[in-house]
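Next come the structures, one after another.
Each of the next two complexes has chain A plus one more chain, namely chain B in the first and chain C in the second.
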Partner chain A sequence: MTDRSDHTRATWRQSLQGWLWVAPALLFLVVFVYGPALTNIRFSLFSFSAMSLDWDFVGFDNYLRLWNDPKFTTALTNNAIYAVISVACQVGVALTLAAVLEARVFPDLSANLFRTALFLPSILPVVVVGLVWQLLMTPTTGLIDQLLWETGLSSWSKAWLGEPDTAIFAVIFVSQWQWTGYIMALFMVAIRAVPRDLYEAMEIDGASGIQQFWHITVPGVRETILIVTIITILGSLKVFDIVWVMTAGGPNHSSEVLGTLMYRAAFRDDMIGYSSTIATVIFFIALTIGLMQIKLQKDR
Partner chain B sequence: MAYMQIKAIAKQYGTYEAVRGIDIDIAEREFVVIVGPSGCGKSTLLRMIAGLESISRGELLIDGQRMNDVRPADRGIAMVFQSYALYPHKTVEQNMGFALKVAKTPKDEAARKIARAAEILQLGPLMKRLPKELSGGQRQRVAIGRAIVRNPKVFLFDEPLSNLDASLRLQMRIELAQLHRELQATMVYVTHDQIEAMTLADKIVVLRDGLVEQIGAPLEIYRHPANTFVAGFIGSPKMNLLKARVTATESGTARVDAAGLVCDVAVDHLPAVGAEVTLGIRPEHLVAGPGASVEVQASERLGGMTYAYGRLADGQPVTVQLDGEHDFAADGGLTVQPQPGRAHLFSGDSGLRL
Partner chain C sequence: MKHLLAMTALATGILASLPGLAQDKTVVSFLHKFPEPENMAYFDAAVAEFEAANPAIDIVMESVADEPYKDKIRVLMASDQVPDIYFSWSGEFGRKFAREGRTLDLTEALAGPEWQGRFAAASLEPFQFEGKQFGIPVNVDSKYMIYNKAIFEKHGLAVPTTFADFIALNDALLAAGEVPIAYGNQSPWAATHYIGDLFAKMVPDDVRQADYQLLAPADQLYTHPGYVEALALYKSFGDKGYFNNGANAISHQQARGAFIAGRSAMVYLELVEFYMLADTPVAEQGWGFFPLPPMEGAAGRNDLLTGAPDGFLISAKTEHPQEALAFLNFITSPEQAAKYVSTTGMTSAVIGSVTEETTTPETLAGLKALEDAAGMALWLDTDMDTASANVILAAGQGLLSGDETPEAVMEKVRAAAKETLAQR
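So, the complex of A and B:
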């Protein structure tokens, strides 16, 4: 009996020690992550200004209002387009580029140059990238327009950021330009972890480069594909800075995304409750995607 | 089945030459084992045969056809890798059938070939499993099965047993020998393990520093090593190589003395009396009896035999293999004499057999 109680005491002490070790991190998470997230959900049920002390409880009115807001539909659609293009580009294109560079079809020097050139945009600040591309896309005086004129493609010339049809796509393009090289570098690391002799065995079996890609590279890096896909989707959902710098959601809210909508509601229109509602929607979409990721990873 | 000629093949990496001009003739159905220490160029040579490394100089011929610039898949070879290199996301059946699928072999023919290989290697119950669900030995068998279904002219093995534990290695060695008899295939096998070389090969090629040291049948190499390197490399425990002095010569025989170990050795090239030579004598060819005294420093009792590790009077290390059990803990002394006609003599300068 004594033995048993000693054992229980020791286990309890061990358990307490464990909790003490994780306590600082846990406290940090509660104060700075879970706390604000829950508070934000609470805020979404009120209507109030940042400067006012009067909080009106409105229940789900903010959600109803958001649901009926055409800007929300536009923003959600833009986020979805952003995600689809980003996944296609940053997973599809980046993986293909990584596979080609790792297959050593190019001489080492040109492969290194290509790799560096592709990676470089990702180390630039988003604001700088946004401003540079804004200049490049400026109608008439911008380099892109001038290039189109010089090459006889003047009919293609347009105000890329100034027209509702092209604004969001121009922003998405810049985002892909900036991040594809970074994701490519992640895939290159993953591909390097695939044993070399699997490719050699395939070569002896007579497989072509494309067959090697589908049968060895893709299954070999599928964990990275899954993670990159999730990160890209979540990133697309949270996107704010590049859109804000390049178009600020315009023209006429055509390039609005959830991030810009939320920012405008909070800091331009001073509708903290409504802004919290948008934040809550983003939170739950992100949570769903995160849970899907955990489920998919567990299934493997 | 095919014959293969390796003519003055070399491999250059920048200024470093990994393989420095190697000639080997491999007959049809021959099991050739290329053996040598790490870094001797044996795997590079095999990879050049496979087409996974380009050939810097020389020629590779299979059935008389130059293969230097032919792609690996078209050389008629199949390779078993040290790591097995099984496709991790494919089942055993898909692994074995992949090359046939790539070659667009009709499905029923492919199924027949896979079934035959599975039968030879007793893989039947494992066909739907993934490589991660197999033991080391089973993976090895699948890798061999993958090679068999391609019906290659030449099988290439790159240290295929080195990832297995000792007992499984022995079992797989026996199975490989059986497989060679059954398939009657030409096989080139690379290993650093001289026991694998001795037990499997029809012909052994001993490599060092990118050059061939000796080519011959296993027992021929064991009995007549061409130099001190081969003498020390082939045989376990390794041959004792002792500094000795020639004390007398007589037609075709030299009498040498290595710290009291006196030996008459038949030689092709008679050394001068007083010359410094290397006396090679295997541990199993030394027997207890009046002769040189050995101070035993350590011993290993294996039940049926005992290995005694000690030093001769002048401090040279020597290993002796004795029948039965001997306990040297109490009495560290032993006197040994060589079995007549079993010793080898090498030049003290060049290390070449005399």
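So, the complex of A and C:
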């Protein structure tokens, strides 16, 4: 009896120690993540403005309104396009670039130059990148427009950020320019962890570079591909800064994403409750993607 | 160990006494939207001068730029951390603070002898709500079409006196291969200055005021055909090529730069931007200005100028109303207003502060034109309710890019206005 109670006490002490160790992090999460998330869900059931201290309970009216808001459809579509292009570029293109640079196709000096040049944009602040590209894309006086005119391609000249058909794609392009090199660096690290003798064995068997890529590199960095894909999709869902800097969701809401829609509702339209509704929707989409990631990783 | 304890006790004592020292002064928080170097040069000096004259008051000043200010003040309102003194545009932007009881009633204070004759009635009126004064004007601004004299002379063109002349002028400039108007509508407030002026000209004044302030019956809100006609006219400017290529992708600052560089014949600028044209290529070529000309036979008013006073409000919850008022009294005194004008290049709402000694001849002439006008058509995006204004803001871009029609825009405005009215 005494042995068992001593054992229980020791286990309890151990358990308490564990809880004490994680308590600060847990407290931080509750105060700054779970608490605000739950409060936000509560806010989404009310209608109130930043100016007024009166709150009207509206139940699920904000959700109904969001569902019928054409700007929400535009934003959701833009986020989806953003995610698809980002996955293609930041996973597909970045992995290919990483494989080429790691395959010693180029001399070391050239490979290092390429690597640095591709990685460099990712260390620049998003606001700076957005403003610089905004200037480059300025109609008539921007460098891109002038290049098109000088090279006889004036028919391609466009107000890239000023036309509803091109604005979101121009922003997505800049985002890929900035982040593809960063993801490429992650893949390069992953590729270096793949045993070299596998490549050597395939070389002896006469496999081409492309065959080596598909049969060794891709399976070898499978885990990284999964994580990078999830990170890229989540990033596309949460995107705000580059869109806000370059187009602020315009022209005429054509490049609106969920992040800008949420921000606009809260800080421009004075609809805090409605903005919380958008935030809640973003939260649940992100949660679903996160759970999918956990499940996919467990399955492996 | 004893030493450690003694040191800790000493440090605690010193720290505890610090708030006591700070409490000797009355802290008045002051938030505005003039962070530009020339503006801060004035405000820094004014705060220092006021604090030197009032050692018991500590003015804690914070400044953010125009666009972020709109966000910041809303966050502060929502979190109930309203500064003692804060900036506001006039019209609905300020009225909604007053409507929600977030401003101190200044009616009685401004009736005092020291305030008498300081401001024109036209500057005070946009800061009134239900007969009460909720704000103090600090500067006045209005919008003018600036033109390059060299380009006008080159093509033998004259300043238009009617709106029909203005259209003909744009056609002549186009035919001559010039870009008639430099226009940057990336931030769509720029569009509201055109649209607001056209609404004022094409919609009867009483109807427009009733619509803007949501005083008309719900089924009659924004039903006057002048609104659609005004939007169609604005759209036609884009369609005919009066504006430069890709206006929606260009900032107002870039458009101003294009005009300064001589790449366009005209640009629509605010009076407070006049000083930026000094010592530029366009200053050498010569420039002049005119308001958007009167429109013959239009249903609205032709004697209004688009513009508005900006001002400061005092929080209804301030613990130091007297000190806050004293500071506003100080910075709007005739001496300080003169310093404000000469340091910043801006105008001032204080009568007699803008003189030949304190500003440029062009700014003086612009202010004279403002004084001669019968009144002001306030900035549209700060005069309408937020929801309706947001529709117009987006439409300013959508009409130019061709994915909106004037009729559809006004349908959306009506829906937004009705919803806002229902919520009040």
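Here is the rule we use: the second predicted complex is superposed on the first by the 299 of 300 C-alpha atoms of A that agree within 3 Å, B and C clash if a C-alpha of one lies under 4 Å from a C-alpha of the other, contacts with A are read in each partner's own complex, and residues count from 1 in each chain.
Everything that follows uses one rule, which is that a contact is a pair of C-beta atoms (placed from the backbone, for glycine too) under 8 Å apart; a residue touches a chain by one contact, two chains touch by 3 or more.
The structure displayed is predicted, hence computed values, not measured ones.
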Check the contacts made with chain A and report whether chain B or chain C touches more of its residues. C
With the two structures laid over each other on chain A, which partner does A:Ala75 touch: chain B (first), chain C (second), both, or neither? neither
Could you tell me if A:Ala185 is touching chain B, chain C, both of them or neither one (first, second, both, neither)? neither
Examine A:Leu261 and indicate which partner it touches, taking first as chain B and second as chain C; both and neither are also allowed. neither
Quick check on the superposed pair: does A:Asn252 touch chain B, chain C, both, or neither? Answer first, second, both or neither. second
May I ask you to decide whether A:Ala94 touches chain B, chain C, both, or neither, giving the answer as first, second, both or neither? neither
Quick one: classify A:Ala279 as touching chain B (first), chain C (second), both or neither. neither
Check the residue A:Val174 against both partner chains and state whether it touches chain B (first), chain C (second), both, or neither. neither
Note: in the complex, chain A contacts chain C through residues 47, 50-53, 137-141, 158-164, 247-248, 250-254, 266-270, 272
Residues of chain B touching chain A in the complex: 50-52, 71-74, 77-79, 81-83, 85, 87-90, 98-99, 102-103, 146, 150
Within their complex, chain C touches chain A through residues 70-71, 74-75, 77-78, 80, 96-97, 99-100, 102, 186-188, 244-250, 254, 258, 386-387, 390, 394-395, 397-398, 400-401, 403-404, 423
The chain A residues in contact with chain B across the complex are 195, 197-198, 200-207, 211, 215-216, 219-220
